[in-house]
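Letters A, B and C name the chains as they come in the text, with residue numbers starting at 1 for each one.
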Amino acid sequence: MRQTPSDTQSIDADVPSHLYAPAGQVVSADASSELSRRQFLEAAGFTISLAAIGGCGRAPVQHALPPPKLPVGMIPGQLRYYASTCAGCPASCGLLVGTRDGRPLKMEGLPEHPLSRGGLCAVGQALPIGLYDSQRLVSPLRAGQPAEWVVIDQEIAQSLAQFKGQQKMVRLVSSTVTSPTLQAGIDSFLKQFADGEHVVFDAVSCAAILDAHAATHSVRVLPHYRFERAATVVSFEADFLGTWISPVEFTAAWSTRRNPQPGMPEMSYHVQFESRMSLTGSNADRRYAIHPQEQGPLVGRLTELVAARVGAPLSARLAPAIDIDQERVLANLVERLWQTRGQSLVISDSQDTGVQRCVNYINHLLGNYDHTLELARYSRQRQGNDRDVEQLVEDLTSDRVGALLVTDVDLLHALANCDGMADAIDRIPVTISCAPRVDEFASHAKYVCPDHHALESWYDAEPIASLVSLGQPTLAPLGNTRSVLESLAAWSGQPTDVGAAIRLHWKSVVFPRRLAQATASFAEFWDNALRDGFVEVEPEPVNIREFASTSIRPLIHPAATNAFSLVLYANVGMPDARHAHNPWLQELPDPVTKITWGNCVSISSGDAERLGIQDGDVVSVSAGRDGPRLELPAFIQVGQHEGSLAIALAYGCKGTDRFAKIGPQWFQAEPTVPELGLVGVNAASFLEFRNGTLRYQRSGVTLAKTGTHRELAATQQHNSLELPADVAPFGAERREIVQFTTLAAFAKDVHAGAPEQHHASEPQLWPEDHSKTGHAWGMVIDLNKCTGCSACVIACQSENNVPVVGYDEVRRQREMHWLRIDRYYTTAFQDISVLHQPMMCQHCDNAPCETVCPVLATVHSSEGLNEQIYNRCVGTRYCANNCPFKVRRFNWFEYPRNDSLKNLVLNPEVTVRSRGVMEKCSMCVQRIEAARIVARTQGQPIADGAIQTACQQSCPANAIVFGDMNDPTSGIHAARENPRIFRVLEELNVRPSVSYLRVVRNRGEEALRG
Amino acid sequence: MQQRVLSIVLLIGVCFSLSLLVSAMSVWRVPDNQQGYAPQQPIAYSHRLHAGVLQIDCKFCHSAAVSSRYAGIPASDVCMKCHRFVTAPYDQMLQELQLADKEGRPPKTIISPELRKLYDSMALDDNLQPIPGRTPQSIPWVRVHNLPDYACFNHQAHVTAGVTCQQCHGPVETMDRMQQFSTLSMGWCVNCHRDATRDGVNGRAVQASTDCSVCHH
Amino acid sequence: MVEVRQQRKPKPSPVRVREAWENLRPTLITGDKQPADVTRDICAPLDRRPTALWWWAFLVAFTALVVGATAVTYQIAVGIGTWGLNRTVGWAFDITNFVFWVGIGHAGTLISAVLFLFRQKWRTSVNRSAEAMTLFAVVCAGLFPVIHMGRPWLAFWMAPYPNTRGPLWVNFKSPLLWDVFAISTYLLISAVFWYVGLIPDLATIRDRSQSVWRRRLAGIFSLGWNGSAKTWHRYETVYLLLAGLATPLVFSVHTIVSMDFATAVIPGWHTTIFPPYFVAGAIFSGLAMVLTLMIIARKVMRLEDYITVRHVEAMCKLMLSMGCIVGLAYGTEFFIAAYSGNSYEQFLFINRALGPFRWAYWTMVSCNVLIPQLLWLRAVRRNIILVFLISIVVNIGMWFERFVIIVTSLHRDFLPSSWASYQPTIIEVATLLGSFGLFFSCFLLFCRFIPVIAMAEVKGVLRAPHHPQEQDALQGDAA
């Protein structure tokens, strides 16, 4: 159930936040982690029966510890949802925090949220495990030693006081701050100093886009991209479905236009120019592999062509000529863009302001502004200013800074390219870090003042200038931490409470901006905001000037070298270093490479052949003789452009050696991190400042084999739908596992792409042994919407207590994810194309696993589910062998569950599996049962949509439909009428309950190759 | 003759040992069957008194049973609803009252030793005023009904279906110390589900599924 | 003089008579043994202190057993993860060993029961040890289904017994359950069969043994055998009945084992040819193992006179024929795959022969089909050393056959995304070693304490020395 205003009445007084953590309610302002951990178990006392059960005679005595006073409205064991805002990244998606017995357990998307539309990415799903992390700081540190807040505050206040007059710089570095209250707090904090400035530094920055708009529209803002309005999307390297700015929002928007109907075969046309294979590129209708240095010329040429097409030809050439094929490609593209002018969108992730200006010009010429890009309601999701950062680095190294406060970003890790930073920081009189763990900067900082975890604290956010959202605490702080806002207030001498501060700020700043039709009472306004999690308000006016065409100048084009050029990118599962301590994300297979536990350097097959490099060969990547150099395993990436390399950032973070023993320990187990190493390596050393922006692209990089080898822990070994040539039978070189077709073919025949012979219904071996009356749960997954973003994988992991097994087990092909996403390359088209297919238990009607289990541990339910009964399983693995989809997961070991704090993340509704039993997707049967009980209590049938599986709920693309196939009014019933429907391995006649919708790529060809 | 005596003796012996065997069998039970488990509780709370004599409805204290998986062992402040006033057995309090107005003095609060424990856990002094500097602590009740964590029993579902508390927990209103009445074995659950689907629960038709995943997930 | 000499009636050459006689009634036991000799020779090893050779053999076998036991203990303590299996290849060494050992068992029953029914007299010198071998092999086999479980301590759930779960029964649809019944029945029957055959000899031991204890023990187990015509008659009847009972098991057991795979949906397993194919394979491997053991035994126990070259030769012929049947099965599989038009099936077999595990496949083919062809040559069949080597090769080949069937079918099945490879860990290898250790330890102990040859039966096939023709043939010799 969701919070209603009546519930929140109690939250309407100006009392300190921790006194009304809506659940859990065990409050102690000065509780050490140990203490609050015990209190936690009290609050959760009803669910602490994870002790080993069994053995003869009396079971061990178990105590039930009801809290002395039950919190208002809290019912033991009942799941309650609180609307909130995700703090995983500045995108600030809508969040529903599911709490049980005072423990936030399950993060879900907020369906009503205008941006994320009920979606939530893997990072957001993985928030809880960060909360219950026993290695989080539980008290502030002073010179590395735990200290009292009062002591620290005193010292800091004193030492800061000296800078009020004196001309020493005070710098507060943070990543993008979307919270208006915190922004206000920072400003007022810095105001008191003679030279206080706020430096916004995004580890993965979009500064060039902001700077470009400063030049072309004279407002330094990030436009709000509206992919749902874009009929044509042209992206240069921008991974907007994966990591770029606000991926969940963009995926949700993009997928609304990927739904061709029999009546109207229309969908958006998406072209991707990129050097590495990004998640976005893998979903594009056409993907052109380009050399990283070709981006400038291509954008320049496109600008020229568009200008010419529009009839405002440019005087001078913007870029050198490009080769003839690309010329042809662009020519067609321009035509399409012109056809769809006003609803087309050209984007680029280039950090070259010139390129971004051209991009702006293209969008301007095509009249896309105010349609597919909005400046009036601009985005505040990236505010980083690399000029400031560059300046800051200079100030630091030349000892001009007196006090340095860093929050939300690990300065030293993210700026590994700047030499002498560490020493410079050590020389600064006052250095304060607000990191929740001792990261690289914190280890050099005098004071570490740990911030709350997002789920412990009040916060707000304004991702789009007109949408303000609230984050509310769902439990009392586990440790003796303090929100940044409170710290700043304390140091500037007017201590406040974050909840009160936000309320105050909203009253004075946000409330006045309310929409005309909004309520007049602030209390009501606040309650609504708290219940809904967000509120829409009038945007602050920005004065956008007429487009300054003068800003379009020829692009500086670097001289081409025959050395490699390296692209540094953010990983979908690990967008920034703050999540490095999250084992779920570390073990999340990358949507494209399928590699877990660390980063690697992607290299094209051609180059690999030339240099004799195999997957996993450790290579040394270096730029120049005295330039940066690092060693990491190589990975041959399909679709990687020759001469280009790609390495993911945000790895090699301090403290990740904690994961060395995360997997099962036995005498042949390999540690998850290499000896004395960290998870992955930090590639930030290859960053460089050029023309006022931080560049994620480095040319003149050389590659050399080191002779050593570290096997990559990838979850997929064979990557293409085509069988290996040496063993493929004639005429069956490709398997029809994922069916796909082109829009042209689909327009002709809605069944296009289906294999020749149709296996409608084959005779049954034995008569129907399970009834078809009552419910029949089933699922339909629209592969045309699914981007493979892997949010569902983590959603499933967190809902179903799926263990983390570590590098060695993944390497041995023993990952435990119930839901995996198969990624296939196929050469059916002229170019490489990529297909993603979520694969989980298919709940077959004729399940091969069921007949072979000797002890009836896996059986068919009366509602069409294939049930796995862990406590009956003896572990013969026969069912897994006999499963055509290989979706069954076996507990090879007793996976470590000895961290009592981390165990609080476990979902009490789902059994924790012991060693030696089989497990698999249950279609979230616990949710089905819960919904059934609720429905029966209300005396009504289970409504369609009342049950949402974890994967379905979190899917940003809304690609998954779950429901009762026997209910003719249900959504899934309609979905199964879709002509694109197919079932995997139909010919086996196992009759899966899970169906898929065929992929349709917006392309001209009507027939596929091969 | 001798033969006959011998055989008679043998016969008696056999009967004797058989009877021994049978009696031994009667106390033997399958491992993990906790039936009859009645642990000592930190406070000698009597269901017989409260549910039996005083006729307090089960769901008054175990209120979560109607709306949650757990019946919920009541928080101490639920006890305080009554025991803020009832601090000792009724007759003792009555005596004190009579004594008090015979002697014309305000009655002092008599606190029975068991309730004393409750007040201690709530950090209350003899006049039931909060003791400064002490936070209320939980009472470490001993769980009587322990299901293995792979079996999910949901009270709400059963209460909604009209199953009475006694059908599983037995004549609680007669128990001074709570004890496990049923075997709580899987067979016990399944048979009840089968019967319920066939005959209904207390006259109401119900759909008590016997799918494994109803309890095991 | 000369004429006289010419008039003399020519006498048939004794040599020729003996040859004629040989062809008429072959000598199974050489060295003109008398029943007393038989008893003496065969009981000798029991009375003698064991030879150094025996000690060494036992030491090796027992060490292997200990190694295996350690490995299994570790695996049960830590988890199946200590094996090289993964989410795709859920069975490998474990079930391979299981099927291998069950197969070994078969020849024992074949020789003792089937050949008995077919009145094959030559079996008498080998059947005892063959039966023992069966017993021990089945014990080894039975081990693996238990230890391959994730939770072996719950193995008893495989048995349908009344319980408090509702009650909850076992899944009679599951071939794995059929195995449980098949194997246990097989073990029971072969144990009884072996023991019944043992009774007369136990009586012999009882009667001639010096040591009190052995006499007592033998006395108990020989069930008061008194060699009377009645006893013999009963004995013969029981033995015949048991033989009749055991015969179908030769075929049923491995048929059922093969159904573990045949009833599955995985290409390479899902084949109707498996039952006959497996039975043939089982007998093939069994014979090979019998040969291996017999050849060792006759050397170690000095029983050359009882286990003669012609025994070996007979076994070789059987083995050759079985080898050819197995070869035919391999061929048929490929043909069916090609003929079926099932692309998954086709891919599987191409992948078997040319894929990552081709080495295993070609080892199997050469060991089971190509090399045994040498046995067409009489010279090879009569060359003990060569036969010994070939028998070893066939054993290896048959182990690989099961490995190929299980692993190559699993590692690349339907969805390319979940293809994986397989590599055994040291624990698995040690476990395999241990099963051999167990087997040979048992066998050596058997050789030490129980007559390896059925004396009673051998005496039955001795050449009666007082046969008239032979008498005068011998006189002719003398003259």
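The rule is short, and it goes like this: a contact is a pair of C-beta atoms (placed from the backbone, for glycine too) under 8 Å apart; a residue touches a chain by one contact, two chains touch by 3 or more.
Just so we're clear, the structure is a prediction, and the values are computed from it rather than from any experiment.
Participant: Looking only at which chains touch which, which shape fits best: line, ring, star, complete or other?
Facilitator: complete
Participant: Give the chain pair, either A-B or B-C, that is connected by more C-beta contacts.
Facilitator: Between A-B and B-C, contacts are more numerous in A-B.
Participant: Hey, how far is the Cα centre of chain A from the one of chain C, in Å?
Facilitator: For chain A versus chain C, the centre distance works out to 61 Å.
Participant: Starting from the mean Cα coordinates of chain B and chain C, work out the distance between those two points in Å.
Facilitator: 63
Participant: Take the average of all CA coordinates in chain A, do the same for chain B, and state the distance between these two points in whole angstrom.
Facilitator: 49
Participant: Name the residues of chain B that each touch 2 or more other chains.
Facilitator: Expected reply: no residues.
Participant: Would you give the residues of chain A that are in contact with at least 2 other chains, written as numbers and ranges?
Facilitator: 872
Participant: Show the residues in chain C shared as contacts by 2 or more other chains, in ascending order.
Facilitator: 168
Participant: Mind pulling up the chain C residues that touch chain A in the complex?
Facilitator: Touching chain A from chain C are residues 78-82, 84-88, 90-91, 145, 148-152, 154-155, 157-158, 168-171, 173-177, 180, 260, 263-266, 343, 346-347, 350-351, 354-355, 410, 412-421, 425-426.
Participant: Quick check on the complex: what are the chain B residues that touch chain A?
Facilitator: Residues of chain B touching chain A: 31-32, 34, 37, 39, 64, 67-70, 72-78, 121-122, 136-143, 146-152, 154, 156-157, 160-161, 209, 211-214, 216-217.
Participant: Looking at the complex, which residues from chain C come into contact with chain B?
Facilitator: 163-168
Participant: Which residues of chain A touch chain B once you look at their complex with the stated criterion?
Facilitator: 42, 45-46, 49-50, 53-59, 61-70, 75-78, 859, 861-863, 865, 867, 869-872, 909-912, 922, 925-926, 929, 933, 936-937
Participant: Quick one: in the complex, what on chain B touches chain C?
Facilitator: Touch residues, chain B against chain C: 30, 33, 183, 185-191.
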